[in-house]
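I've put the structures underneath this note.
The following pair of complexes shares a single chain, subunit A, combined with subunit B in the former and subunit C in the latter.
Coming up: the complex of A and B.
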């Protein structure tokens, strides 16, 4: 009986399974295949002929000694390590504020989640203009300092990275806020009240009742942002193009450049596959750890 | 110190008035039940005592201290929620000791008091079990213990027995009353179950539609309801209420019940009450207090249904506005459709003003 229903489920979902396999497994295999060759679209051969350029694991040994790749990875990790915690703290703070009622809450709510709706390319242009040396950011700084400020944000290697991170925080704090607000709303009010009646102060209530209840949703929010932040590209690319030099070149920008400018697709495929494997291992490890903490 | 005084308490939620007015004094160490149907304002009253809601008008005093502006964590009240609000991500021990740990008591005191409370509530075997997945009976004891361990002077319980099955409810009623005796705290108990209120409370405050209807001991409320609502609400089945007119036949007063017949001559106190009536009255009597009489002597009503519940037999009489129930000790050959000749005992009769619904009293 049980076998029969399992068999039926298998047959009913077969078309979907085939489709999923085709969509996700086929490109992966193709990528793995190309990554073992020196094939490039400029070679004039179709990708199926890539075996003619077979170089075994040369691409992989190349990427281990590719300094530009490693510094791009390091930069991406740095952006992630700065942006995600700031977005998390801001989002959590705002969400906590929004648990109370105050005047104009609905208006603030709409304004607050608006950045998330802005197309990243548009956000890129916005911040590109804001951070011009004659732009509004400098004007505002001038107002505070009293003397004209003409910082060339986007052409200073260090400040360009700051500007890019500011844009990311502006755009993605609202997502953190929304997810964490949903989590806060789900904390049973009676339990918080019970803790209050037992004499717990706000900080104790937060750490002993609210946080444990939100563990899962915080994990999800952080996972979404870490993955997204690792792939940071569009806003950044429009603001700085990865420059000045390679000062804001993240892993996505680096892959984009070598794929469109240098056209060495075999190597691109190798980098992409290597990152996918590393990220998957990290994600699976993190998920397993989360599951263990809950159990 | 732990006397509670509610003075002219009013609570409005926007346009809706949950509590129209409330004046009540609860003595130190007293067990008072707030009893009423859902939406009568009893939980709102309790939440205001705990500090979870702010009164729209009026004052709440603990002893002589006005509680306005005192946050709920500082009022020193223990509160047992209807759903118990157990911290399900903690163990039973962590739940019990939560308040002591939050207020930073020394570690050895926390251990000692937690163990003592667990012993008292027979929770010792499951102290280190996670609270999630325990049975309702145990959760309830954890909820009570978690509040009681703080030794609050005032204990508030919000329908704590509504989630437990009937058999266990009877056990818990006795247990709760016993706990209150040992803790000697002022207890306010919200319930819609009159049996809980009657069996446990020193005094009952009956509420309806945001208005306090009557306050008194269980027997006062049962024997002398202040108005038609209390008469109907208390007792199972509730008091029989029939429309009638007092007839004064020189010295003796009886109630003319129209087609149903008439009452026996009233006892002096009830007669005095009947003489005060301005017009029609509502004639009330408890179903248990009727006796069979000879034909033509008292009231006559057709038996519409015979409900036998073992020790007692409940007769459903008449229909519509002219209906009543009587309870007899044994089944003496009652037959559906036959007329029952009966009359309530003269001193058991209660009279109410037909217009206002208020009880008519002889003095």
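Coming up: the complex of A and C.
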């Protein structure tokens, strides 16, 4: 009986283990190897011959002084720092409106969560059209100002970044809304009612009863968005291609460009590996901290 | 709790505003998909929110019917990319669901699997761009670049974490008494899984599979890197639809975008109640 379960459980997890190893171990080793060379697919040699271009740690010292890389990282951090809090506040605000029943709740709910199910590349194209200089965004703005507005959103370095962030907020506020609403609904109603009877005003009820109970959920929602925002690519790339110039070049776009246009794969591997190592350390640290908080 | 009238007015006003902001981009694309060429780039006073002369030409165009008002004809139609999207996303879903369900059951019932959960979280954490170069080299070596099966395999691995965590929470929630009763009756473990557990999990399995399918269908970056011509998916094909002669083919792209956007939105509404669970890796059950 014991043997049978052990055997079965091994067989059950085997496919997943194999797939994970397939996508992690071999590519990681390959990446580590190539990152120590100047190899490029244009060199005419296969990657196994990359040792012919051995340069030890030159790629790694290069990336420390790569201004474009650091500004791409900084830009990604900036997008994260602007978008995630706005998405959180808007999502939380909307979620509080949906806490009790009202007419049409289900229909409104279904409509409001639609954006996050739109294919991100398609969402990127939607906003590409909206932000054309003769497009609907300017048309709406002209209605308010009374005079024709012709802002070239996507070819202005500063405004392009704004447009990209608007698209991100449009698409991912629903995710915050969805998760936070699930959390709000889970707050025990009798506690809220008791606080009301004791004379707590809505703000007090919210900060002293609802928020503490939602700590974990808020943490999860923010963590998901921070992680996804760091990867930002699809919408942004379709809207601006990282441009004008490098004005909207985030870390994923930067790696994509040097991998597909400059084809310096040794260097790409070094950057990718450095990011993976930093993220792994952060991830393990965060999980340990979470375990400690829970214990 | 009774709310004041002022609050109700405020609530509806805010919700209507949110609904408007949500729908405008979607409606603009939908309306663009039915606009004839002269209306594609109409600006200023001529800009219209609804097509003045609605037409299906854009849809016909992407399926290869040439349009006399456009100088260009497409060198390939949308048919193959649609097929590619369905094949890669569909088979990818099958791979993720098979491996994910089996592993989830193993972990949920026997606690086996060791470091698998953590490895799967990490897989989700990494930006795909940072792991794709070795995959591109590997795929070129294995002759899997620009094939639907090569793409499907990557999709299967990328969405495996979602399949695994969703199914694990579903298995954890399932009462074990029935399985235990069957075991006592002398059923083998494997038989219990096939004959009792899986049939009971039909509905959760379907929701999880739809969820994973939406994720695969939504991909752009991976298809952009791993396909070049024969098996490009809808988003990659759509992005490539512009030419130096005519510039952006607004209407045609909008028609394609609309076709790409409809399946996930419909499926998403269908599995609404499992969305929170899926998106939070099962950490939160609604």
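One rule holds for everything that comes next: the second predicted complex is superposed on the first by the 262 of 295 C-alpha atoms of A that agree within 3 Å, B and C clash if a C-alpha of one lies under 4 Å from a C-alpha of the other, contacts with A are read in each partner's own complex, and residues count from 1 in each chain.
The rule is simple: contacts are C-beta pairs under 8 Å (C-beta built on N, C-alpha and C of every residue); 3 or more make two chains touch, one makes a residue touch a chain.
The model shown is predicted, which means the values in this text are computed figures rather than measured ones.
**Student:** Once the two structures are overlaid on subunit A, check if subunit B and subunit C clash or fit side by side.
**Tutor:** fit
**Student:** Considering only the touch criterion stated at the top, classify A:153 as touching first (subunit B), second (subunit C), both, or neither.
**Tutor:** Touch status of A:153: no partner.
**Student:** Who wins on subunit A residues touched, subunit B or subunit C?
**Tutor:** More residues of subunit A are touched by C.
**Student:** Just checking: does A:204 make contact with subunit B only, subunit C only, both, or neither of them? Give me first, second, both or neither.
**Tutor:** A:204: touches subunit B, not subunit C.
**Student:** Could you tell me if A:194 is touching subunit B, subunit C, both of them or neither one (first, second, both, neither)?
**Tutor:** Only subunit B; A:194 stays clear of subunit C.
**Student:** Touch check for A:88: first (subunit B), second (subunit C), both, or neither?
**Tutor:** Neither partner.
**Student:** After the superposition on A, what does A:131 contact: first (subunit B), second (subunit C), both or neither?
**Tutor:** neither
**Student:** Looking at the overlay, what does A:100 touch: subunit B (first), subunit C (second), both, or neither?
**Tutor:** Touch partner of A:100: subunit C, not subunit B.
**Student:** For A:114 in the superposed arrangement: first (subunit B), second (subunit C), both or neither?
**Tutor:** A:114: touches subunit C, not subunit B.
**Student:** What is the angle, as a multiple of 10 degrees, that the CA centres of subunit B and subunit C span when seen from the CA centre of subunit A?
**Tutor:** In the superposed arrangement it comes to 80 degrees.
**Student:** With both complexes overlaid on chain A, does A:213 touch subunit B (first), subunit C (second), both or neither?
**Tutor:** The first partner, subunit B, only.
**Student:** Once you lay one complex on the other using chain A, what is the shortest C-alpha distance from subunit B to subunit C, in Å?
**Tutor:** Checking C-alpha atoms only, subunit B sits 6 Å from subunit C at its nearest point.
**Student:** Just to be sure I follow: which residues of subunit A are touched by subunit B in one complex and then by subunit C in the other one?
**Tutor:** In the superposed arrangement, which is not itself an observed complex, subunit A uses residues 193, 196 for both subunit B and subunit C.
**Student:** Where on subunit A is subunit C touching in the complex?
**Tutor:** Those in contact with subunit C are residues 4-6, 8-17, 19-20, 22-24, 26-28, 30-31, 34, 41, 46-47, 93-94, 97, 100, 102, 108-123, 125-127, 129-130, 132-136, 139, 148, 170, 174-175, 178-179, 182-183, 185, 193, 196, 216-217, 220-221, 224, 227, 230-231, 233-234, 237-238, 251-252, 255-256, 259-260, 265, 268-269, 271-273, 275-276, 279-280, 283, 287.
**Student:** Would you mind writing out the residues of subunit B in touch with subunit A in their complex?
**Tutor:** 50, 52, 71-73, 77-79, 81, 83, 85-87, 89, 98-99, 102-103, 146-147, 150
**Student:** Please name which positions on subunit A make contact with subunit B in the complex.
**Tutor:** It comes out as residues 188, 190-191, 193-201, 204, 208-209, 212-213.
**Student:** Tell me, which parts of subunit C touch subunit A in their complex?
**Tutor:** Subunit C residues touching subunit A: 1, 3, 8, 11, 14-15, 18-19, 21-26, 28-29, 32, 41-44, 47, 49, 95, 98-100, 102-103, 105-107, 109-110, 112-113, 116, 118-135, 137-138, 141, 154, 156-157, 160, 164, 188-190, 193, 214, 217-218, 220-221, 225, 234-235, 238-239, 250, 253-254, 257, 260-261, 264-265, 267-269, 272, 275-276, 279-280, 283-284, 286.
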